[in-house]
Structures are given as C-alpha cells and as structure tokens.
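Labels A, B, C and D are assigned to the chains in the order they are written; within every chain, residues are numbered from 1.
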Amino acid sequence: MQGLVEGFENLADDPGAPYGTTGEALGAACQVVAAAYRAPCDGLLDDLRSGRLAAVTDALAAWAGVSAPEAPHALPDADALRAAHVALFVSRAGGVPAPPYVGMVRDRELMGPTVRRLREELARLGLRPRTDWRELPDHVAAVAEAVDLLLERGRVAAATGLVASYLAPWFDRYAEAVAVNDAGGLYGEITPFLRLVLDEATR
Amino acid sequence: MARYGMAIDLSACVGCAACAVACKLENEVPPGVSRLWIRLEESGTFPELHMQYRPEQCLQCDEPPCVPVCPTGASHVTSDGVVLVDAETCIACGACIAACPYDARYFDPRGFVSKCTFCEHRLAGGRPPACVETCPTLCRTFGDLDDPDSDVSTAIRGARRVDVLKPEQGTHPKLVYLNAPASFAPRREGALR
Amino acid sequence: MIAYYGVVNDGAFWHWTTLLHFSLVALAGGVALLTAYRALTWARFPRRLAWTAVALIALDLVVLWAESEARFRLTHVYLFLTVQPASAIWWGAWGLAGSAALGLLLALGWGPRRLWGALLVLTSGVALLYPGLALASNAARPLWTPLMLAFMPVTGLLVAWGLALLFRQNDLRPAVAGLGVSGALLGGLYLVGLAFGGLDARAGLGELWREGGPAFVVALAAMLATPALVRRWPAAAGLIAVAGAILARTLIVHIGAFMPPSM
Amino acid sequence: MRLKRRAFLKLSAASVGAMMLAPEAGALKLPNPLARAPRAWYQGDVRTVLTYCENCFWKCGVRASVEGGRVWKVDGYAANPKSRGRLCPRGQGAVAQTYDPDRLKRPLIRLEGSERGEGKYREASWDEALGVVAAGMLAIKEKYGSESMAFFAHGSGDTWFGDYLPAAFATPNVGKPSVSLCTSPRETAAQWTFGRGIGGHEPVDWENTDYIVLIGHHIGEDTHNTQLQDFSMALKRGARLVVVDPRFSVAASKADRWLPIKPGTDTALLLAWLNVLVSEELYDRAYVEAYTTGFDALAAHVAPFTPEWASGITDLDAGVIRVVARELAAHAPRAVLPPGRHTVWYGNDTQRMRALYLVNALLGNYGVEGGFYLAQPPYIGAYPHPAFPLEPSSGGCSGASGDAAATIDTGFRPSVDRGTFFAKTTAVQELIPAMITGEPYRIAGLVAYGVNLFHSIPDVARTRQALKALDLYVAIDVLPMDHVMWADVILPEATYLERYDDLVAIAHKTPFIELRQPAVEPMWDTKPGWWIARELGLRLGLEEYFNWPDIESYLDTRLRSIGSSLEKARQQGTIVQGGRPYLADWEKRHLNPFGTPSGRIELASQTFADAGFDPLPVFEAPEEPPEGSYRLLYGRSPVHTFAKTQNNWVLMEMHGENSVWVNAAEARRLGLDSGDYVWLENQQGVRDGPVAVYATERLRPDCVYVVHGFGHRAPGMKIADGRGVSDTALMSRYRLDPISGGAGMHVTFVKLVPGAPKPRLPRLGKLAERSV
C-alpha cells in the first residue's frame, strides 16, 4: 500500500524560473513540506535524484534571499533517508525529537483542542483528509498540502492564515531540534531553511 | 439552591491518587499544574509508626478569601456554593492565588486562573464529581450540606472526628476530613460551622 | 517526612515583573501626589511635572498589562465595568487611571487647576495605598501583616519624593527625612510584630531572615539615615533612601509569598 | 515552476459554513472572541462505549467517553463486577497512553547491515513487514522445526500470541511472565493442595470476612480495583487486619497489628501458626475430618515449630505469633490469609504458599463464607476451528497450571524447559538459555508480544546475549520500549481503546464475560492484535485455523453459544452468569470441588513426595546479605503498572521517579540524607542508578526497597528515559523454584554507592512540550 502522496511529477516548465508572487513561493514551499515530511516514498526519491526538489529549493532560496540548502543536491541514499525520517519523526530511542504534528506546539499533547479547531477550519474551507490517509489530521505534510490546495484555488488569505497559525509555529518550535538531530542530512538542512522561507512568505 | 460539600475519610484513604488522575483528565488540566494532589506524611519511629494520606484540593470555602480580592468579579460563588473563575473576565492578576490559604488555584497557560469546580458540569446531570465517583476506597462522599440525609451529611455525622484545614483562617471550608489518624490531629482543632 | 503524589501548586505566582511593578507604582503614585501638591500650592504650575506623572503612570499600566498572561485577551476592560470595593487591585486600577486622567488635564492646562489638584490628591493617595492593601488582604501569608497598609504607602512615597530630590525639588527635604524615619520605624515595628506574632508569624520571620534578613535590615538603616544626610547632600540622601525603600519593598513582596506548610 | 502533486486532500462536497457557531451564553458581558472560555470536551456531543481496561491485568470494565473522534475520559460502570463504577489511577490515566506521541506508529524493519540494538529502522507497509516475519518463521520451521519458534506474551492479547497462533504453528515454547515471574508458586501450590488453581481474580470472600492476615501483599500500593474496594469496605465494616511485611506498607498503616518480619522467613511464621493451631487444638476439627487428608502427618511435622522457635528466625515476638494464631482461630472460619499475587520471592515459594493454604485449611475457611469461595469460570463456547496440533501449557494468571503428570504426547518435542522443574506450565525465563546454548534444542526465533524483556525477566545480560543469537526477533508492542528497538521487525499494535480483543472469561463468585470493543479508529497505521495474528497465520499457511473472516463474526459466534450476540454484548459490556461459590452449593449437587488425586484437601502431598519434594512445607533459611549490603526488595506504586506506564505524562506527574528506601538509622550511619543520589551495586558488581535516597522509619535496617518499573535506559520513550533505578537490571541472578518454575527475585543484595550526580532531566511539566 504505497503512501498516499505519490510525490511530485515534473511539469513542463523550467524548474529554475523565479517566483513571481509570494503565493507562488508559499505554494512551492508547502509542496516541498508535503512531499518530504511524510514517509519517504519513491516519488520523493525521484524528485531528489532528478534534481527537481533541489531546483525548487534553490528557486525558493533566491526568492527569499537566504542561502540554498546543499542536501537536496546530493544523491539520496534511500535507506539513510528512511532511517533519518523514522528517527526524527516516527520512533527513536530517547524519544522523537520532532513529532510532526502542529497540534503538539500549542496543546503539548496529541489530538488536543488545536486538532479540533484545525479540523473545523479545514471543513469550513471545504477540505477534509482522504479516508485512506493513515496519519493524524494535523500532520505537517497534511497541513502543507491543504495550504497548497487553497493557494491553487486562489484563496491566498486562508492559506497564509493556515501557515501563520499552524505551519510556521511548528517550524519555529522544531526546526532547531531537527537540525541538531539530523546534522548534514536532508531534513537537518531543509527544515531550518523552510522555516526562513515560511517566515518570509507570511511576513 | 444546594450548599455542596465533600468529606474525605482519612482512615480509608490509601493515597492511591485515582482522584488526582481522574480530575486531571475530566477537566483537561494542563501539564505542570494541578487541582488536586496527595500529601503522604509519616511519623513515629520504627516500629511504632503512623501514616496519613491526605488528598488536597480547593475546599470550596463558605467564606472564600479568594472572591472579594478579585478586581473584575471573575472569581465568584454560584448559588450552589461552588467557587468558580469566569475565564472570560479574568485578567490573570493572581490576587486570588495570593489570597488562597490552600494553594488551590493556578495559572492556566491559556491566560486565566483555574481551579477545582467540584466538577460543576457533572452536578447538573446528577453525577458526583469525578474524584468522588472513581475513589476505589469509597472514602469520598459528596452532597448538599444543608440536606441532613445527603451522603456527605450522614458521613460527617457518623465520623469519629471532623477536621478542616487551617480553621484559624476563618474560611469555613466545605471539604472536611473525617477520622484523621489521632497522631496527625492538625495543631489547631477544627470545628465545622 | 512528607512526600507528595501529583503536582503541588506551591510555586511562585508573582514573578520579577510584579516586583518591578511594586516599585513603578510607588514612583507613579508619589509623583502624582507631588503634582497634586504643586497644583494646589504653587502659583506657576510646572506642566513638565504633570507630564512626568502621566508618563510614569502609563509606564506602570503597560508593565501591569504586559506581565499578565491574559494580555492578549483584552479582559482588563472589565476592571472598569464592575464595582469590587473589597479588591485592592480594583482600587488600584481606578486610582492609577484617575491619576493619569487628572494629570493629563493638569498637563494640558484644561479646566480648574485647583479642583483637579484636589482630586489628584485623592486618586494618587489611592494609588499609593492599594499595594499595601493588596498584600495585607492575604491573611494566609504571615509576612504580609496589616502593618503593610502603612509601610507600603510610606515607603512608596519615599521612593518618589526621594528621587524628586535628585531634580532639585529641595523643598521636599523635610518630608523625605520624615518619610525615611517613619519608614524605618514602621519596618522595625514590622519585625517586632512578627517576632511576637503567632506560630505562623514566627515561621514567616524565620523565612524572611533566611531568605533576605540582613538585606532588609540594611534597607531600613538606609531609610533611617535620610535625615542626617538630607540637609547637606540632598541628592545622595534621596538616592540612599530610595534604594532602601525599593529593596525593603521588593524583599517583602518576594519573600512574603511564603505560606507555612498546612499541618 | 510548479511542482505538480496528486492531491491527498479531497475537496469535500460539504458546503462551506456547515459549522454553526454555538450561541454565546453568559450575561452582561461584551462579546469578546479573544477571551472566550476554552470549550471543554464534555460540552460537545459525547458518546460512550463499554470496553475493559488494559493498563493492568485486572481488566476492569470501563465506559469510554468519546467526543470529536477522540477518547477524553474513561470511568468504571456499575454493572461490571470488576470496576463497580470506580477505577484506579492507572485505569483513569490509560487514555494518555493512546495519545502518547512516542507510540509506535507504523511497521518498522531494521536496516540491513545494522546491529540489533542500534535502533536503525525504516518504515514498511504491513504487507512487507508481515511477509518478512512469515518468511523468517517458515525458514526456522524448515531448518529447526516449528518448536524452535518461541512466543512470549502478556496482556489481553496473549490469547492470540500465547495460545491461538503458537498452538496453530505447533510450538510448545510459549512463555508468559504472568506465570513464572509472578503467580506460578501460588497456582502450583493451590493445584496440589485444593486441586484447583487460584485464578486471575483471587477468590477471597472479602464481604464476609472478619479477620485478614496479609503476607507481603501490598493492597493500596497495588491498586487492583475490586480488591481495593473490598479491602476498604471490609475495614470499614470493622474487620481486623494483620500485615506481615518487612516494610511499613500502606496496608500496614491500616492494620491493627504490623509484624515487621525479617525478609525470607515467612514460612517459619506460618509453620509456627500451624503449630499453635494444632497443639492448642484450635483448628476446625469437623472441617479437617470432612475435607482434608494427612492431618496426622501435618501434626507430627509442625510439632517442633513453636512460636519460640519461629521468634528467633523471624525477629517477631513469640507472644504476638501465638496471639495472632489464637485470634485467627477465634474468628474462624471468617478469618482468611489471602494468597497475594507476585509470590516468586526466594526459590522455595511453592512450599511457603502451601504453608499458607494449610493455615487456611485448618481454619476451615476454604469454600466457606468469610474465607475462600470456589470461583467458577463462566461458560462460553470456543470458536469452532480444527483441533490445534498442540496446546502450549503456558498457563497465565487466569489459567490453572501445574499438573506435570499429564504430559500427553503431542508428536512434538516438549518445551525446552521441561524437566528443569516439576510444574507443567512453561517458565518464560527458562526458555532463554536454549536461545544461547541450543540445549536441549535450539530456539532460533522469538515473537515478544507486550512483554518487557529488559524490565520483567531477571538476568538482563543473558537476555541481551540471547537476542543477539536469534535468527529472527519480532516485537509487537504499543510503545518503543528498550527491548522493542532491538527487534528485526516491529509491529505496532493499537491501544485497547482502538481495538477488539477476544472475550475475557473471569472465574468469580458470579462468573462473567467481558467484551472489548474499539471506542475510536486506530491511530496511524497500528493494527489490533487479532488482525496481526490472523494475517500472520494466513501467511504461515495456517488458514484452516483462522477460519473466521473477521473479529466481529468470531466474537458473534462465540457469544451465540450462550444466547447472546455481539450487538447485545456491545450494549451490555459484561455478561454475568451464576456461580457455585461455597462447599454447600457443591454438596447439594453431589459434586466434589477438590481435584486432587485424593479428592480432598491434601495437607500432606503424596504427589510431591513421589516427585522427591517435601510433602509438607519446610522452612529454608535464606542466604544472608554480605556485610555492608542490603537485600533488595521491590513493590508497586499505586499509579504505575510494572514498566509500562512510565511514559504516561499524567501518571508520571503523580509519581515521576522511584527512590531507594533506606532505614533512617542506617542512612544516618552511612551519612546519607533523603534526596541524596546514590548508585546501587549488586553482589556481582552490576551497577544501576543514580537514584534518590528516601531515609525512612518505614523499613527494617537489613533491606532496601524500590518501586519496580522505573530506570528505563534510553528507551524510545522521552518521559520514561533515565528516571530512577531499574530493580530488574540489578537482578543479575535469581533462584529457580524446583516445583513451580518461578524465578525467586528477592535474592539480590545491593550496596549504596554515594556521590551519584543528580540526573539533569527536563522538568516533568515541560516534558509534554516535546522539545529536545
């Protein structure tokens, strides 16, 4: 049973083209989060090998005026990437350094009131998780996906609202923990980077 | 128009903290603060020893010092004698926390003061507070102090001794301790009004 | 041997921001009273003093608002929508707000100066008295005795007027001297009162002595020394008195949260 | 440049604004959205689900309150004979485990090329993970035979992984810690004294007893809900209580008499009581003649064991020993010595338990009001499946265990521990040597379901060595415990609030059956135990035994055998049947309740004599602690269950760290104060800690005491990690009970090594914040 988000197919246009509006950059950043932070699947490995992800992160870096992360350019080692993902977000001796749930930031426990509010807000915006999404509704990848969907339908205000109240706080809280625990790895580099991009996009 | 009160029989309490855990989950009390904890005290020397297990929480006083000091009226007493905090008007100044002789109040990280509510939301449905309902030694009784036939009134009448915490503060607590082991009689004798 | 299951709520509830507030409110109240005094006695009313009073009151209100965890809930409006005569902080809110309003009127020169001055005496008096009431109304805390009703206003005024000496308000020298002496005497009376108080009072005194006893005595001595120095070195005397008063107040508020263990 | 992706958030057809804002209550207040009081769960639409708790083995019936797709609170419910509407602290706190962020979330497979214990894993789908496990098991079956696969199981799911699947796979090597690390001495002794085991719910007739003697039984610190309720109500009714314990336990603080006995000498005390009952003819003569055999042998045997003899051994006053015996007789038959539960202490525990049962027998209270009632298991049909190739005799705390004679020939090799001790049930700790030495034959594979290998089985170094030697090691659990992160394949199970389980049949005065049903959907990619067992069974070619499509039809079929149905049971939660609690009920139906060879209570056991053991209980002096060392005793905290609740933030806030109790005078002599941190070092130099000292008067000077279950070393669990000391880690040796196979664990001696640093751990309150 493959992961739900198949990862990213490449569109025809040039991956290197600079982003025009903030919305577009925010959309791209959220797509990276949606692809990378759920269980690594073949689609993600594809994007890394083909350099598509690296192109997006470089373009985002240019747009946000921050230094681009190195790791997306390196050839991905599937097992190391999966082991890193498990150790950072799933289960590890010594406790998971960065539980990938936006609800944790405010409720300090799982499935707390924030998840209820998020679910209600998504329902108001006409979105709800697919039945076969085997993760919690407030998983970082799920929220990023929701933001991207909203941007695609031109609802920039709702999207930036979701980022500001749910996505950015998660990166603020855990980016440093991921950087420390995955120094040099893909997550270790792109998480602090994405934090800067998201801050820039929601300024 | 009841005057709700509670009695805890210290000769039966084994200090298992079922009440404290039930309170934590029933009322979504955040980590790091609490409305109810258990005090374990040992005295005497081997082998002449005595232990006392005493759950401590808000005593829902008849003369609550924490109500008059509140500058916005958030700290109030309901018609049933239950002392509550209205989170919508509390300015988290902490005056009530300073005034409480029993450390029963705390700052909720969401920006208001919170405390034991005698599980007021359960009383409407006729169910006892969560701590009373779950106590596995049946040492907690609850009910209307003005009704002589209520569980709490009969328990108080049947007790060998009745004690209140810090009676000299004149708060006249409505949560009383029954049958405290003699060696732990609070330095100051208690009398229930 | 006492142990606990579960979290006991005996942590501190007032933190350094509250200690800062206790000093700022003294300054604000004292300067407001000085403004009222000048408005009533001086022909030429020093508008700058009124602005200073308003600024100090505003600063204290901002600190009060910022330290509260309910800052973004904007519930402070309810201070002015209810009547809670038994609550010291309710009086404080009205005292400070009233003083600020009157100070502004005086600063802008609108309306009858002597009337505002008289009213300002009242409101600044409330602002000086309410910290003492806020402490004294907690019967369960033995270190906050009823004597606080006198000690806090006196030392509060001393803080403000002592500092005023640094700005060549030399006519205040006798007042500062008087405040210094009475502050020190009240402090001494306070300690004696604790020593001969009940079980809890003595336990409180023990706690005060362990946590900051010597510093408290030094603070009282500093206040006592004011009359001797105020004549020749008013600025220095003022500064010493202010330091003593602030130290004494801060120690009492910080250590005073002590509560003897429930038996 | 736009990265195209396939949407996983479908645009729901629900029209926008379907959420109606609840009307604002409260008078005279400005509508201030910023200061709205937080909405509590009980203000939503709450539905309740009846199930039973899994946060200890007692299985109390609970009512789960569910709102918005989450369980917020559990309570007892009156119709359930276990909870009777009340719960203990662990039952109340179990909800926090379901929402523990450290939970195992999805199947994990150890990275190729990584060592066991490194904890390097990758996620896998259930198909792939189950495939790897099945392939591994079939390879082992091929190479060494099916017996070479061992199953360790504990918890309600041990029906699937301790009975059903191993029986279908045909391996006798099934171990349950609830047997040889807990109850086997009391079960084996009861089996050969009364001819029936004690069972999961101790059949003590609390409602009618007037005199209770507890020996090493910490009611109040182990909060077995019903037992605690009965105990409190008995005391409230005025029953007198005597507590025999080297430590002033909670029960001792409620006792009329506390006997601070020297550890390891309880059998001497029991023999002295027998001596007094016989010599002063205080025993129930009619009962003894009617229901027992071997009284004369017993009388002769106990003649020399006078209270004076026992006084020297037990450090107790001879007069008190004599008085208690007389008081027991005076209150007989409404006087009882409850059996306790964890009875594996010194390696001669079956004899001690027999001595305890003989005192009860002489008081004539077995099967009589006020003593022991005769628990009857409820009738419930099994699911009709073809006969299993063999029935592993792993016993379990609710199964009778112990008649070694009946070794039926199953055509398979017996379990590797057969012959090392008398009882028929397997001993989990005796299955481990075969993993290392291959004697009598190699165990190459292990499935550990809900068993904390490093915190329940003594000699942890041996267990680690065994794990390294295995070809296949699979862990099925809810939390990433220390031993789980050694597994080749980790299969995450859903917690009890998210799953069905097999029906629970409790032998009781009024036997009853409890149903477990899910209150919410399993979170992440976790699966219920029955699903894992069934999927594995299908992949192992055992589909004939798993001839039920899903758990609902399995349960429905079983429930129809007693005229109920799954639907009815889902509403009722518990089905109570009638029992035959007393001897009189059996005699009315001309039935004999005693299953012993002689058909009577065997005061002297011929079977034991034939097997070369003492037919009558004898006292064996325990080894004395060397100079400067203390005997390590252990016990329970009311808010924790073994080593499984130390990552539960609510329960850890109640009791977040164990400490080592030291007699106050002894502590002064060592220059230690309460709160100082020390290491504990055992007789073989194994060190653990640091742990805080608790200098107390509540303990004899010759022993120290710790609460079991703490001291997790860098497990996958953030809160539990590094808090307190692990008593199991210090038990580098144990004494095997030759009769019951129990592992006596009171034989560790420790020194207190001062000067340990106070561990720097994140403040418990902050822990839930999950930052590093």
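As a convention for this text, a residue touches a chain if its C-beta (ideal position, glycine included) is under 8 Å from a C-beta of that chain, and two chains touch if they have at least 3 such contacts.
All values derive from a computational prediction rather than experimental measurement.
Using mean Cα coordinates as chain centres, the one most removed from chain B is A. A count of contacting C-beta pairs for B-D and for C-D identifies B-D as the more extensively joined pair. Taking each chain's centre as the average of its CA atoms, chain A and chain B sit 47 Å apart.
Inter-chain centre distance (chain B to chain D, centres taken as mean C-alpha positions): 34 Å. Chain centres here are Cα averages; for chain A and chain C they lie 52 Å apart.
Our note on geometry: chain C versus chain D, Cα centroid distance of 61 Å, whole angstroms. In chain C, the positions touching at least two other chains are 1, 3, 5-7, 70, 72-73, 75, 81.
In chain D, the positions touching at least two other chains are 32, 35, 38, 96, 638-639, 649, 653-655, 696-697, 764-765, 768. Shared contact sites, meaning residues of chain B that touch two or more other chains, fall at 15, 17, 20, 28, 31-34, 38, 42, 88-89, 112. Residues 26, 29, 32, 35-38, 40-43, 72-73, 75-76, 85-93, 95-96, 219-221, 223, 225, 228-229, 231-233, 235-236, 248, 250, 252-254, 258, 260, 638-639, 649-651, 653-655, 663-665, 696-700, 763-768 of chain D are the ones touching chain B in the complex. Chain C meets chain B in the complex at residues 1-10, 13-14, 18, 68-73, 75-76, 78-79, 81-82, 84, 86-90, 92-93, 134, 137-141, 199, 257, 259, 262-263. Remark: chain D residues 30, 32, 34-35, 638-639, 653-655, 674, 694-697, 764-765 touch chain C in the complex. Across the interface of their complex, chain D is touched by residues 1-2, 4-11, 13-17, 24, 27-28, 31-32, 34-35, 39, 47, 52, 55-56, 59, 79, 82-83, 85-87, 90-99, 101, 104, 108-111, 113, 115-116, 119-120, 122-130, 133-136, 142, 145-146, 148-149, 173-174, 177, 180-181 of chain A. Note for the complex: chain D touches chain A at residues 1-12, 14-19, 38-39, 68-70, 96, 99-106, 108, 111-112, 119-123, 125-127, 480, 482, 485, 490, 523-525, 649, 714-719, 721, 768-772.
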